[in-house]
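In what follows, chain A forms one complex with chain B and a second complex with chain C.
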Partner chain A sequence: MTTQTTKETREAATVPPPGAAPANKVPQGHRRLLTRRDRLALGLMAGLPTILHIALVWVTALASVALAFTTWDGIGFDSIKWVGLENFKQLFNDNPQFWPAVQHNVVWFVVLIVIPTPLGLFLAVQLDKRIRFSRVYQTAFFLPVVLSMAVIGFVWQLVYNPDTGLINSLIGANEPGKYIDWIGDPDLNLWAILVAASWRHTGYMMILYLAGLKGVDPSLREASALDGANEWQTFKNVIFPTLRPTNTVVLVVTIIEALRAFDLVFVFNKGAQGTELLSILVTNNIIGESSRIGYGSAIAVVLLLISLVVIIPYLIATFRKERRA
Partner chain B sequence: MQHLSPSGLSLPSPSRRTLLRGIGGAAVLGAGIPLLSACGGSGTASDPKTVTLGSKASDAVPKKAFADIYAAYKKKSGITVDVNTKDSNTFQEQINSYLQGTPDDVFTWFAGYRMQFFAAKGLATPIDDVWKTIGGNFPEAMHKLSKGEDGKYYFVPLYSYPWAVFYRKSVFQEKGYEVPTKWDDFVALCKQMKKDGIVPIAFGDKDAWPALGTFDQINFRQNGYDFHVELMAGKASWTDAKVRKVFDLWTEILPYHQEGSMGRTWQDAAQTLASKKAGMYLLGTFVAQQFTDKAALEDLDFFAFPEIDPAYGQDTVEAPTDGFMMSKSPKNKTEAVKLLEYLGTTEAEDIYLKSDPSVVHAATGADTSSYTALQKKAYEMIAGAKSLTQFMDRDSRPDFTSTVMQPALQKFIRDPKGVDGLLSSIERQKKTIFASG
Partner chain C sequence: MSTGTLALKKRAPVRPARILLHLFLAGAALAWLAPLAWAILAALRPYAETSEKGYVSWPDSLSFDNFTNAFTQSDMSHYFVNTMIIAVPAVLLTLFLSSMVAFYVSRFDFRLNLALLLVFTAGNLLPQQVIITPLYRMYLLIDIPGITMSGKLYDSALGLVLIHVAFQSGFCAFVLSNYMRTLPHELTEAALVDGASVWRQYWQIVLPLCRPAMAALATLLSIWIYNDFFWALVLISTGENMPITSALNNLSGAYFTDPNLVAAGALLTAIPTLIVYFVLQRQFVSGLTLGANKG
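Let's turn to the complex of A and B:
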């Protein structure tokens, strides 16, 4: 309805003499502009994606929120039983893996933001100076980003394998008595995996910052050099503040990386002792022969809520900025 | 994007409303899907000369072995078996939706609780008439394994493989070790091996399931087959003193297990037995696959897990069994029944075993002349068993074993002192899972 009226008014505006044309000609022109076929095509072009989007994104998301309050083994819809907050109660009180998983997701984020992000920035600043072979370094650091997380998991398993891996073979820690179990020891394995995750994240951050640095106006550098600032002062007071938009992107990307962390751990040790993650708990409960879809959905809802707590303030801030601009 | 925040995710009160709408949507969706699947299931008329069969045998060796059976059946009866092979992990993960959608007439599956679970959900057809024909081919223990909770038959077994303690004959000879039959002898042997600088028990629990096997063995030796069944079916309590006793016994031998087990796969653990660094290894007969050196393979032997309580002796054998089931509404039921009758013959089993020597016949009176020494011993062990168990994840709800037991046992292995808290946690989680239907 609303689209029709706007079209009519727009059309009316384009028709030069408003009084000259007979009143019944306007709808005719309208018909000529958009034949039935056109309307059908437009309807399909706009409608199909909308339906698909609603069905595959919104209905499924809301259905999983709804399922979080039920128990369901995935067999027949009559076995869905409403249990209220029972799943969440069990999750918070009885599941020995839940709180470690939340904690590990947080640790994941903190480590990514504290170690590989500054490292990526550092590398980007060095490469931005157009040192010799900078292309080669750039490629070398960026290479892990091209690999899929699953492949990275396999590669690092070769390094960490406690019996035949690179580290234990080099330092002789694969013998009884001085055994180091990089993959199985809950005090070690999360950190071992985070090294692998950081290895990839550094390259990712480097590219983002490199792009940001390319956008810095060279005259700023020149001006600060003229003012007698040294390299560190220039970076701290001039360059870094101009990287503000990049920093926002980096923050969001890192949060998303921490929340969606899954594939690397799944390949590494399936989220066993010490490496539990929310995404892995969801998968373990939902995929399988007799799945606990309600319970798995409850975990997914927790993950969704955590994501929203982080993403919504970002969106609000972004929209506010756009409105101002 | 802008759609996102007003839809209520940031505001508390509309979110409840959207939630309810979502539930309505889910209900509409829910009403639609079974109708669709029902249409697909019975609509198409089928070829009377074809039986469809869903198979999880995606590895080369079993795939060919199965294909040989179907080829022989076609020669014999003129019926084509139309095989639909899926990757075995995918098949297992999707079994649920597969059986509810448009399943093949016959499908490959596991004996035990996992079979009973789908039978109880009405996703399989009882095949008592098939068993009237094939019943005589199988020992009593296999009959027991093939029945659902309602006492009807749902399963045709094809092959089994027992779990036992594997060792190298040459190592035992050289060091003068004797095969232990009692628990105390077993513990003494572990001590001796440790003194001799050998890892007494090879162990790798990275994939989290091998530890389930150790629990099973100690449990049915200590508490008997019936308790094992009750515990696995969620009826007995995990805080029972009987279960606690199992963990006490396990704690006794835990120091003799290979260090760093949680970072090691069973394949790597098998290598330590192959290289004679470890003295013993509790696993299924498939451990032999890791012995690529022929001399080493001939040197491999096994013994049944030692007796703990003389009342139960060594009468229970853990022997996971694979076979076939019929889906809930097969398109070609008459021929599916005939195919299952054929699959339950020793002839079909002989054909299978010819191409896959890592397992043994489920039927009695099969041709064992081509068996290796290991196979012969495994076959005798199964044939002589009073009761057969499946593996923990086949004797119990798989969602319980994978989400509760696997992490719990890994925790125990790491910290055997925390067993009381662990057992009450298992019991709490078990109650909710088994209550959910």
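Let's turn to the complex of A and C:
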């Protein structure tokens, strides 16, 4: 007890104006009570995870940015050469896959936000009506979210197989001459994959909206019913506006999913002919034969910049709220 | 007024609209399960039969032969073990490390802790491909003799564990710090006055109170890490060392002429996640919404 008091006074002496009465601020009081060993422990507790996270995530992200302005074959550091914007120029002007990939990422987002997201919301609203068997329905729609994207890719390949697949078998297109090649046809394959992606996304959105709907104050519904509003009016004017925080999360999650899309496409056709994505182009530079590190990094930087446009405003909004709380 | 309230509280009577809704939901749910049902049906039938009669046909015989063949021929038990070697330490380490960061950020008011949390959260939102090229090079450069066959971080379980921990701790730190912030400050203050060290406050007071959030995150993390395809695809080169999801990719390449066998393999891969989900459904869903409704 006595040692702590002395520590407290010594620490307090380092805080310049004693009249500022820091004692009212509880958390700062904590700080003054800490022993040297506590400080060391805290430093380690926060430091080790931070070092790991920064080294593997942020240092590599920054390294991507730096490497994007160089050429490097990966053999020895002395082969790294500064080339300025050369990689980006090549990427924007000469790479036949780049603009289609950007376009496909955009299409991916638009499809996810226009089809499975409202569908998930619709299902959530229906299931929120304290309906019988709600759990059973929920599980059916949610099941795909539990599966790995790779497994989803395999399952849908079975559905789309031209010869043996469910769709062609049902519509009689599984005979020579009538084949519809869902996976191989560059005009079809992106849409075929997006059906599989939407299959998963709907369940994910449904759960997020169900959680959001649980937070809606029941008295709002009652008031609206008493005012004689019908179901649609209640939803549009009362329920939906209160789902604003959920909508923000849904928007961010959907954009990020569209930028991260990879596994499904890779399993389907490795992103060839019609299904190029930015993530696929980056990965091809690593696992393909050609290892053009600078060039691959330039694509990664494009992906990073698009991501930051979403991540930064979202974090600012989230953390501003947090600081107020 | 009071009758209106009462009517809302009772379960709605059976109305035509309700029946219609049930019909719609049941139909939609069945349609939703159709791709999985199709895979199951294919996996239960021998390839010889389906290639002769077509896939949309009445099955003569159903058996688990494809499942047993997929399991034995492709050495799946070996890949399941590989996944466990990666997933178990990764989940435990992620929870341990991120809970310490969360404790630091939420219980002590240091100047930088908001920035710290921001760094963690933002890191988790980046697409993996943004960091993969330098990471891959880094893993090739780092020697860890004796622990792995390659002698490098590349192509090792340790390498995968590290990147999973680094990447996922962003999400967990955020969720746990929010959770810890709701715990009353008096708890640790009392302990502090009694002379409990910071470590004891964390380990004996705060951490046990976080059990519900930890359970939810553990469920979520095990499914995510088990399902990982990308990190293993790029950072593991030897077939021997692959976890189950990327091994499945090889299996489908080798047996693409027998879709029934591939279907069985894919379904076998999904079984552990389905079990985790059905047993720990509540934790899984609450974990997902705990983090996602952070806005």
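The rule is simple: the second predicted complex is superposed on the first by the 267 of 325 C-alpha atoms of A that agree within 3 Å, B and C clash if a C-alpha of one lies under 4 Å from a C-alpha of the other, contacts with A are read in each partner's own complex, and residues count from 1 in each chain.
Basically, a contact is a pair of C-beta atoms (placed from the backbone, for glycine too) under 8 Å apart; a residue touches a chain by one contact, two chains touch by 3 or more.
Worth saying up front: this structure is predicted, and the values here are computed from it rather than measured.
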* Of the two partner chains, chain B (first) and chain C (second), which one does A:63 touch, if any: first, second, both, or neither? -> both
* Structure fact -> Between chain B and chain C, the one with more contact residues on chain A is chain C
* Between chain B (first) and chain C (second), which does A:207 come into contact with in this model arrangement: first, second, both, or neither? -> second
* Check whether A:110 is in contact with chain B, with chain C, with both or with neither, and answer first, second, both or neither. => neither
* Look at A:146 in the shared chain and tell me whether it touches chain B only, chain C only, both, or neither; answer first, second, both or neither. => second
* **Which superposed partner A:285 touches (first chain B, second chain C, both, neither)** => both
* To do: Classify the contacts of A:161 with the two partner chains as first (chain B alone), second (chain C alone), both, or neither.
  => both
* Asked: Which partner does A:315 reach: the first (chain B), the second (chain C), both, or neither?
  -> both
* Who does A:171 touch here: chain B (first), chain C (second), both, or neither? -> neither
* Answer with first, second, both or neither: which of chain B and chain C does A:179 touch in the superposed model? => first
* Structure fact -> After superposition on chain A, the chain A residues reached by both chain B and chain C are 59, 63, 67, 74, 161, 164, 285, 287, 312, 315, 319
* Spell out the part of chain B that touches chain A in their complex, as residue ranges. => 1-2, 4-5, 9-10, 18-19, 21-23, 25-26, 29-31, 33-34, 92-93, 95-97, 100, 114, 117, 121, 123, 199, 205-208, 259-264, 268, 271-272, 397-399, 402-403, 407-408, 410-411, 414, 425, 428-429, 432-433, 436-437
* Provide the residue numbers of chain A that touch chain B in the complex, in ascending order. => 59, 62-63, 65-67, 71, 73-77, 79-81, 86, 90, 94-97, 160-164, 176, 179-186, 189, 269-270, 272-273, 284-285, 287-292, 294-295, 308, 312, 315-316, 319
* Touching residues (chain side chain C, partner chain A) in the complex -> 1, 4-5, 8, 11-12, 18, 21-22, 24-26, 28-30, 32-36, 38-39, 42, 50-51, 54-56, 97-98, 100-101, 103-105, 107-110, 114, 116-123, 125-138, 140, 162-163, 165-167, 169-170, 173, 185, 188-189, 192-193, 195, 197-199, 202, 223, 226-230, 233-234, 245-246, 248-249, 252, 259, 262-263, 265-266, 269-270, 273-274, 276-277, 281, 284-285, 288-289, 292-295
* In the complex, chain A residues that touch chain C -> 1, 4, 25-28, 30-31, 33-35, 37-38, 41-42, 45-46, 48-50, 52-61, 63-64, 67, 74, 123, 126-127, 129-133, 136-137, 139-144, 146-151, 154-156, 158-159, 161, 164-166, 169-170, 174, 199, 203-204, 207-208, 211-212, 215, 218, 221-222, 225-226, 245-246, 248-249, 252-253, 256, 259-260, 262-263, 266-267, 278-279, 282-283, 285-287, 293, 296-297, 300-301, 303-304, 307, 310-312, 314-315, 317-319, 322-323
